[in-house]
Every structure is written in structure tokens, then in C-alpha cells.
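Next, two complexes with subunit A in common: one pairs it with subunit B, the other with subunit C.
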Partner chain A sequence: MFRAIRTRQTTLAPLVLLLPAFTVMLFVVAMPLAFSFYTSLTPYRLTRPESIEIYIGARNYIRLWDNAAFWAAFWRTILFLAIALNVELLLGLGIALLINKLTWGQRTLRTIMMFPMMFSPILVGFQFKFIFNDNIGIVNNALQSLGLIDRAIPWLVDAQLAMFSIIVAEVWMSTSIFAILLLAGLLAMPRDPIEAARVDGCNSWQVFRHIPLPFLMPFIFIAMTIRSLDVARAYDIVHVMTGGGPAGRTELLWTLIARVGYNNARMGEANAMAYVSTLLSIAFTVFFFRKLMAARRYMGGAE
Partner chain B sequence: MSRAVRQRVQAVALWIATFLLMVIMCIPGLWVVLSAFRPNREILARPPVWVPERLTFNNFAKIFGLGDAQVAIPVGSYFMNSVVIALTSTFVALVIGMAGGYAFARFRFRFKNSLFLSLMLFRTVPGIALSLPLFMLWSRLGIIDTQMGLIIVYIALNVPFTIWLIDGFFRQIPMSLSEAAQVDGCTRWQAFWKIEFPLAKGGIAAAGVFAFLTSWNEYALAAQLTRSTDSKTLPVGLMDFTAQFTIDWAGMSAMAVIIIVPALILTFLVQKHLIRGLTFGGVKG
Partner chain C sequence: MKRSFKALTLGVSAVALIAGAAAAEMDYGSFDGYTLRVKLIGGAQYEPLYAEIGEWEEMTGATVQILSRQNHFELDREIKQDIAAGTLNWCVGSNHTSFAPQYGNIYTDLRELISEDVLAEFVPLVLEHSTVGGRLVQLPRHSDVSNLFYIRSLYEDEENAAAFEAEYGYPLAPPETWEQVRDQAMFFADPPNFFGTQFVGRDEAITGRFYEMLVAEGGQLFTDDWEPAFNSEAGVRALSWFVDLYDAGVVPAGVPNYLWDDTGLGFASGSVALNLDWAGWAAFFNDEDESAIAGDVGVTRAPMGSAGLRTGWSGSHTFSITETCDNKEAAASFITFLTDHDRQMVEARRGLLPTRTAVWDTAMGEFREAGDDFLAEVFETFQTSMTEDAFTPPLIAEWIEVSNELWPRLQSAMVGDMSPQDALDKAAREALIIMEDAGYR
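Right, the complex of A and B next:
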């Protein structure tokens, strides 16, 4: 009898403990998402409240298919993430390897390295808008004082340069996450295999390729999973720095959603776009989460 | 030079090089902090003034409405809103996250991995995508432009990651400890508060700081769900400084410092646990 009660308790207890978490998530995320899915099937405009009751099926989605601005933003977002995340990973790895090499004072440098992590994305945007300002920005001022350029470079006005500046801001904000996680991985790594490989005559690339790199993979996946949760923070940066301009040339999916939904008040269409962006984020997270799980099994974690 | 000395010199040189690299990385942030203490005139000066002639607290006095020159931006109430909203949502998210993290760390149940992943996926929804339905629903419920409206949203934003971190910290504590306490006559509830909670305290504090920072720094949702001094937070207030074509750089820099300083202090207090939590929660299954 006692055993029966105990098993019942143990199956019930986790459900009770998880109930508040899932209640909140259902109320604040799942329910609104269901509602926004419904509105994406209507021609809802904020200016015409009654339009929320007109059902038009998948027309908003079908129209996205022919929407050149949407696809431009979509591919630009993919490209932006591909460049930013790879640069962050490589820079983070480089910094981690460098700090790992030090024999003392690692903690001080790690603390300094965490500085950009504390910045609000909106602040990062403002900061780089300030720095890349063509008249008073420190970048142009420095280049001019050093005599490298004689005319101000229009960092945020030229389309290509503006995209470059946004990527710089994004990389500045998020490289430390990679560096910190990879450094933690390096510090946890056993040293003996590396020494052994050296003795056996491997060169440093061979050593790195076969010992620290496989060991670091789970840490890379953790970093990617954590980053995948908040890639949309780039909205804040673009919103402050260029607002999607010049002429929509730095428009990402997220700034486009805001423009269509709030500025043009076309909520139905914006919700359809928002759904696409949500699915994109989910696919991204699931991909890295599964890689993380596989790496964990490979590392012999208790799974 | 003997070998030991040469190695020593090399180590110092490497340290200095790395240190310089880190400082260069921090320059963009430091430049804003420095600008907060410079008069706007000097920031706009042509040719540029590299070495500040004098540092001043005027920018801060201005945005708080002290002194003769004032800025018509109610930074004081934005600050209070930010504090109330971030603290309340962090506290509630921690309570919910402790319950959830404990469930994932200590119990075996069906669909455990799927439930964990689904929690993370809730967190993945881009803020701006979520803001559209929330904006419509919150208007109907009448909680738009209230602190309560934003607090509820931030709780949901923080619960998944808080559970991820706290789950990792509870796993690090051997189960045998609380079992021993239970054999000695504690209930599971008592064992939790007397054994497991004190051991996981540092980690829970780190999760709290992470949650606080998320709420403190959030912009995309707050920008749509707030309207007035009743609920506007500091990141939203920062945009008040950008008039159509002119930007008060000095004022904005001063406000930036006000946003950064609390975040800086909190992070440095718990950084050790923060790093441990981030890696452990993920690696050990």
C-alpha cells in the first residue's frame, strides 16, 4: 500500500511543480500566439476594428509569397545571422584560446570580457549609432585625425556600410557569450591527451582538430542554443541605428513586422510575417538543441 | 637569459597583449561612459576634442531635472518603473523557476525532454512577433500601459531560462544529501529548504541576475506595451532623446550610464555562479 501511494506521489509531484510555469507560458505565449494565428487569417487593420471578423483563409500567407520586400528582408535576415553568428563564434573561440593560454590573471580578463554582456541591445544600438555617426562619431574622427581619410565616411547612410555597422554592433554585443562558454569548456578540459599528442609528434593544428575541438563541440552547441533564444534582439539594434533604412536596405524580418503592424496598422499581414519569423527561430533552436543532445550522449553524459 | 626568465617574460607579454585586446573591445562602451561626463558642446566640437578639458555631472543633473538647464524627460519615473517591473518579475520568475527546475532535476516523468524543449521554444518567439497579439489582447484586458501588464510578460520571458539554469544547479547537489535528511525525519519540503536550497543559493542568485537583466534591458515588447510615465521603462525612455533630426548625445550617454551601472554591479557580484550555471545546465545530462 505504501509503495502505491509513493509512486502516485512521484508522478504527481513534478506535474504540480511544473504547473505554474506552464500556466504562465500558456497565458502569455501560447494563447496570444493562437490569437495572432487567427488574426493572420483575417485582413485585420488597427484602424478598422470590425475587419478582425472577416475570414480570408491563407490569403495573407499567399500574398507574402509574392511580397518582394518580405523576401528581401527574409534573406537579409538569414545572411545577417549567418555572418554574425560565425564571426561571433570564431572571435569568441580566438579570445577563449588566448585567455586559456595565460598562466595567471585569467579571472581579471574574463571579468573585463563580460563587460559587453551587460549592455541592453537598445543601448548597443545607440552606442554604435554614436560611434559611427559621420560628423561626431569616434570612428570618423579617429580616421580623420590620423589623416587616413579626408572626407567623412557615411557609415549609416550608405546601404552596405550600414549593414556592416549593424553586424559590428551585433558581434560586439554577443561575442562575449561565446568566449565565456568556450573558455569554460577549455578550462574543464583534461591536459594529458594534448601533451601525449605533442609527444607523438602532432603539429598544433592536428592537436587542436582532434582533441580540444571535439571536446568543445557541446559548448559550442550550448552557446548556439542560448544565442538562438534571443537572435531577435537584433531588432533593437537595427531599430535605433538605421530604422531599416536607407530605403529599406537594412530591413530585417523583425523591423519589417514592426513597420507593417504598427506603422501601417496592417495587423493581419504583420501577424502572418510574425508567424514565419517565429517558425524560423524555432527551427533554429530545435536544430542546435538536438545537436547539443547528441553531443551530450557522445560525451557520455547521463542521458 | 635563463629559460625560466624567458618563459616569465613571454607570459607577461602575452598577458599584456590579451589585456590590451580586451580593452580595445571595451572602448565602444567606455566611450559612451566618458561622453556622459562631457558637455554636449565638447562632443559636437569640430575638430574633435580628444582629451576632455573638464568632466562634469551636469548631464545627470539635467536629466533628473536638477539645476537650471533641464530636460523634459521624466527619467526618475522611468527608473522607478524599471526597478519595480524588473524586481517583481524576477522574484516571481525565480519562485516558478525553482519549482520547475526542481521538478526537472529530481523527478523522472514521461515526456520530460519534450516538456523541457517546449519550454525553451516558448522563449524563442521573437519579442516583436509576440508583441503584436499581446498588444491587441492587453488593450482588450485593459492592462496596456500598466506595470502589471509588463510584469506578467517578463515573468513568462524569464521562466524558461530560469528553469534551465536552476535545473543545472540542483543536479550538481547529490540526491543522497536530501535522502539522508529524510531518513533522519525531515519531510521532503524541510529537506529542500534545509539542505538543497542553501547549497544552490549562489546559483539561484545567478539565475535571478540573469532574469533581472533580461527585464531591465528589454525593449521590443516594452516599446509597444507602454505609453506614458505610468509604465515606461528606461530602455523605452532612452528613445525620448531622439527627436526627429537632433539627438541629445550627452543626455543619452548619461541615461545609458544609469542603465548600465546597476547591471554591471549585479553581474560582477554573481559572475562566478553565472558562468558555472550557463555551462553546467547544458553539459551534464
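Right, the complex of A and C next:
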């Protein structure tokens, strides 16, 4: 009998201990998700709260299928994500490798490197909006003063340049995340294999290709996962710099969703868009986690 | 209590508000210990009025708790969230004639709270614009209409005058028509150092500019049975005005992203010849510490389109009282105070257009007495404009949503992605769906 009670206690104890966590998850994550999913099945308008009671099935999702503006924003977000992540990776890796070489002032540089992360994305947006302003911006003024151009370049208007300008702002703000994570990886890396490789006559590229790079791959994929989630929900910088325009040229998923949900008050439709967008984030996360697992197996000598 | 405040205002206003001189003597009631919860529009232009709130608190014994103070677009989102969440537990909110129809019946009819005598002191057209579905849901604080500012010395230069007349065949003078604005903008432009004119290019700002140009060209947004009609010949003429100037490079290349701050600061920098703007910028344009063109600014009434009508897209910043307010009398007292003669003078001195008839005269008299002929001229011009030219967008809940379909298409035409006709046709199709969904058709 005592054994039975003890067994039940042993079975219940983890559940009781986990209960607070489950409760928090239920109220903070699961319920809002379930509620917003339900609203995506309604014509819910913020200004007409009673519209939340009208069930319309998958109509919002079916409408999305034919919504050219949504799909344009969807593919533009993927392109934006791909370019920004890769540029940030290359620059972050370069910065991390350079800082890792330093023997003096490394701590100071590490701190300075984190400065861009301390700015709010809205401030970064305003800063780059001014830098790329066609009339009074410093980029055009510098180019004109140097005699390189005789007409103002419409940085925030031209189809390619506008996305380029936003990517520059995003990269400026977030490259240091890659740099910090990769620098942490480099600092944790044992030095012996590198020295052994050099003794064996490997050149610098061969050493980097076969020792630090594989070692850094898990760190790279962790950074990629974090940043892909961040970039996929980019809003502030784009909203401030171009508002998604002109003519939708820089419209990303979340600027579109915010306009539909808040400005147009069509929260049901916006939530349907948000759920499809979440699939994009999940796809990227799964992709990078698989890569992370593969890299770890490789590091563990399984491959 | 409702009756007592109304009776109070009726009685007091009859004797105390003669020529607005004795507004300070008005009895705003007593609300000892009451806390009035408000959500107000924030920003440099709007804040000076709020410094007066302490006086109302002292007079009435109430306390004002400002729950929110942000720009109107953010405030609009917050109010929509409050509606959705059922948290309209505040009394007074800043509002705007363009936004008010979206909010359904959350705001109370002020005619039940504020006496007709007080309301009679407001400009009738502005009160009409503040009425939604037959209910006066807003008390106007200051109005907004645009007129044309220009750099005066450009027109006084004899060489300019001779060269312009030789090229265009008529004398150089501040423009009377938008066709003349186009000619003069082309004539003055010397990009990238100097531009002929400029315009706001995104959000509801460009929708409004297009809308007023459409009206001036003889067109209309909707037919009488709410079918979008802006893709007419008049619509194409209106949009082509913007497209032509953008193509010719006589406006800054970044205008598709410009909002009011960009155009105001751009004109003050002295790099733009002609600028259609609201009066709120007038004092700034003529301020030697802020503006490169101080003392060299002229103002003229907004030009006419080919239909002989002047542009006059107008709206007013207003205050509203929620239906759920727990003390509507205190709220009515508060917004009456914030829009009284003396409070409107606080804003008028900064160039904001009053909504009380008497304040126009007091303000112009004060400007002349102080030797500020420019601000007096600005007020005269804008008064004419508010009386004769002003019109609002359709006061329907779907206005902002239709605008959100229209402005990206206007931009598409501007940056050359679509022809003006195709852009307007596409926007009209999208607007039709909105109107059908809303049950108009």
C-alpha cells in the first residue's frame, strides 16, 4: 500500500512541478494562438467587435490565395531574409575573425561592436531615412560634393535601391549579433588542432576550411535561426523608412499585415496572413535546426 | 447634472462670451475629486494647448489623467484596440473628421451635452463636417486646409518675369490655376539644387491631395450609389499632374515617401519654389531661426483646376466624448474649455486655424497690432479658403480603407510602374470590393 502511494506520488510529482509552467504556457502562448487562429476564421473587424461571432471557415485563407499583394510581400520577405542573413553572416564572420586576432583592446572592441544593437529599430529607421534622403541626405550630398553624381539618387524610391537601403539599415543594426555569437565560438575553440594543421603544412584557407569553419557551423546555424525569426517579422525599420512603398516596392509581410489589421481594422484577414507568415518562420527554423543537427553530428564524428 | 451644466453654459455663455473677450469668466462647473481619463493627440503642434489643462483643473477641482499622448495614426490603432477589447474606460479622446466615421457609435452626440449657444460660436461648416450620421460626435479644435506658399523674391525678380513671359506667354505672378503651378514649377526648377514644387507622396496624405485635385478637375470619388468613379477622365488628368511633375524631375526624387514634415522642412530649407501646405507651418516658414526663407514667404489661395474649382481638402482636429464615459458633464466642460476663445487663441498664435468665428477676427487684429502682416495675410487667405473652398472626404467608415487601396496605385503611376489610367482602374476595382463588402452596393 505504501508502495502504491509512493508510486503515485512519484508519478504526480513531475506533473505538479510542471503545472505552473504549463499554466503559463497555456495562458501566454496557447490561448492567444488559438484565439487568433479562430479570428482568422471570422470576418473580425476591430471596429465591429460583434463580427468575431461570424464563422466564415477558410474564406480568409482562400482570399489570400488570390491576393497578389500578399504573395508579392511573401516572396519579397524571403528574398529580404536571404540577402540580409547572408550579408550579416559574412560580415559578422569577418568581424569575429578579425577581433579574435587581437591581443590588445579586444574587450573594448567587443563592447563597441554591440553599439548598433542598443538602438531601437525605429531610431535606426529614422537615422537611415535621413542618410538616404534624396534631397538633404548625407549619401547624396557626399556623392554630389565628390562630383560623382549630378542628379539626386532616389535611394528610397527606386525598386532595387529602396530594398538595398533597407537591407543596409538591417545589416548595420544586426551584424553584431552574428559577430558576437561567432566570436564566442572562436573563443571556445581549442587551439591545438590549428597548430597541428599548420605543422602539417596547411595554408591559412585550408586551416580555416577544415577546422574553425566546421567548429563554427553550429554557432552559425543558431545565429541564423535567431535572426531568421527576427528578420521574418521585420516591421519598424521598413515602416519608418518607406512605409512599404513606394507602390508596394518594399512591402514586407508585417508591414502589410499591420496595415490590414490596424489601419483597415480587418483583423480576421490580417490574422490569416499572419498564420501563413508564421509557416514561413517555422520553415526557416526547421531548415536551420536540421542544418544545426547535421553540423553537430559532423562535429561529433558521426559523419 | 447634465441639465445643470447645459443650463449653466446657456446662461453664462449668453453674457460672458461677447466677442470672446470674457471666455475666461465662463463657469465650467465643479467636479471636485473627479479624475477625467483622456487620450490625446501628441506632437509639437498640439502640446502647447495641454499646458492650459491645469487652469481647468483649478477651476473645476477635477484632475485630468492623460492615458495616451501619441500621433494620430498610433492613437487610431489604440482606439480600435480599445473598441475590440471593450476597454473604452476613458472619457475624452482626440479625433479627426476623416477618422471619426470609422468608430461607429462609441462617441456621444455632443448636442445633448453642449448648449446651442456655445455651438453657435463655431464656424457652421466645420460643425457640419464634425457630424456623422446626423450626430455631432466631435467638437472641433482647429481646422486644416491647404493654400499655396511661395518664395516671394522669385516673383519680384525682373529677369525671371521677363524670361517666364517669353517662354510661357503670360506674366509671372503667383499661380491661379494648377496648370500655372505646373508651368512655374518647370520654370523655376534646377534639380538637384532647387525644385519647382513638391507634394506628399504616401498614406492618406497623397490620397487627399489626389482627391482635392480630382474635385478641382470636375471629378468625383464615388457616384451617387457609391460606385468608385475616380478612374474617370478627370481622375486621369488629376493624377497626371503629379506624374508629369515627377517625370520631369522638377520635384524631389523622394516625394513618393514624403509626408508633411518632409515638405514643410524642405520648403523652409529654401530649396523649393512653391509649396501647398497648411497654415500650421506659416510661423515656422517665417521664423528667422528656423527657416532659410524667413521674410521672403508669400501666400496665395489654393489654385483652381480645369473645372474652375479650387482645391480644398479639409479636416479638423477635434475632441470626442465616449458613450461609456462615467461623467459626461465633466468631459463636456473639459472639451468646451479646450476649444474656448482663449484656448483657440493659444493655437492661433502658432498658425493653427481656429474653429470659432470670433477667434479669426481676434487673431488677425492681434497679428496686425503686433506688426506681423504675414501671419495676418495667412489668416485672411485661410479664412477665405475655409469659408469658400473647404470640403471633406466622404464621411464614411470605409474612407481610410479605400485610401489604403488608392495610394499605392497613385504611387505606381508616379514611379512609372503603371499608367495613370491603369493605376486608377485597378484601385477602383479594389475600392468596389470594399464598398460591396460594406454593403453599400
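The working rule: the second predicted complex is superposed on the first by the 249 of 303 C-alpha atoms of A that agree within 3 Å, B and C clash if a C-alpha of one lies under 4 Å from a C-alpha of the other, contacts with A are read in each partner's own complex, and residues count from 1 in each chain.
The rule is simple: a contact is a pair of C-beta atoms (placed from the backbone, for glycine too) under 8 Å apart; a residue touches a chain by one contact, two chains touch by 3 or more.
Nothing here was measured: the structure is a model prediction, and the numbers come from that model.
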item: Which of subunit B and subunit C A:D134 touches, first, second, both or neither; value: second
item: Broader residue contact with subunit A after superposition on the shared chain, subunit B or subunit C; value: B
item: First (subunit B), second (subunit C), both or neither touched by A:T278; value: first
item: Partner chain in contact with A:G185 - subunit B first, subunit C second, else both or neither; value: first
item: Which superposed partner A:P154 touches (first subunit B, second subunit C, both, neither); value: second
item: Touching partner for A:P32 - first (subunit B), second (subunit C), both, neither; value: first
item: Partner chain in contact with A:P214 - subunit B first, subunit C second, else both or neither; value: neither
item: Intersection of subunit A interface sets (partners subunit B, subunit C); value: 135-136, 144, 262, 267
item: Residue ranges of subunit C touching subunit A (in the complex, touch as defined); value: 73, 76-77, 80-81, 83-84, 86, 102-104, 191-192, 195, 201-203, 249, 252-254, 256-257, 265-266, 269, 271, 397, 400-401, 404, 408-409, 411-412, 414-415, 417-418
item: Complex interface listing, subunit A residues touching subunit C; value: 46-49, 133-136, 140, 144, 150-157, 159, 241-243, 245-249, 259, 262-267
item: List of subunit A residues in touch with subunit B within their complex; value: 10-11, 13-15, 17-18, 20-22, 24-25, 27-33, 35-36, 39, 95, 98-99, 101-105, 109-123, 126-128, 130-131, 135-136, 138, 141, 144-145, 172, 175, 180-181, 184-185, 188, 218-219, 221-222, 225-226, 228-229, 231-233, 235-236, 239-240, 254-255, 257-258, 261-262, 267, 270-271, 274-275, 277-278, 281-282, 284-286, 289, 292-293, 296-297, 299, 301-303
item: Subunit A-facing residues of subunit B, complex; value: 11, 14-15, 18-19, 21-23, 25-26, 28-29, 31-32, 35, 43-44, 46-48, 50, 95-97, 99-100, 102-104, 107, 109, 113, 115, 117, 119-130, 132-134, 136-137, 152-153, 155-156, 159-161, 163, 213, 216-220, 224, 235, 238-239, 249, 252-253, 256, 259-260, 263-264, 267-268, 271, 275-276, 278-279, 282-285
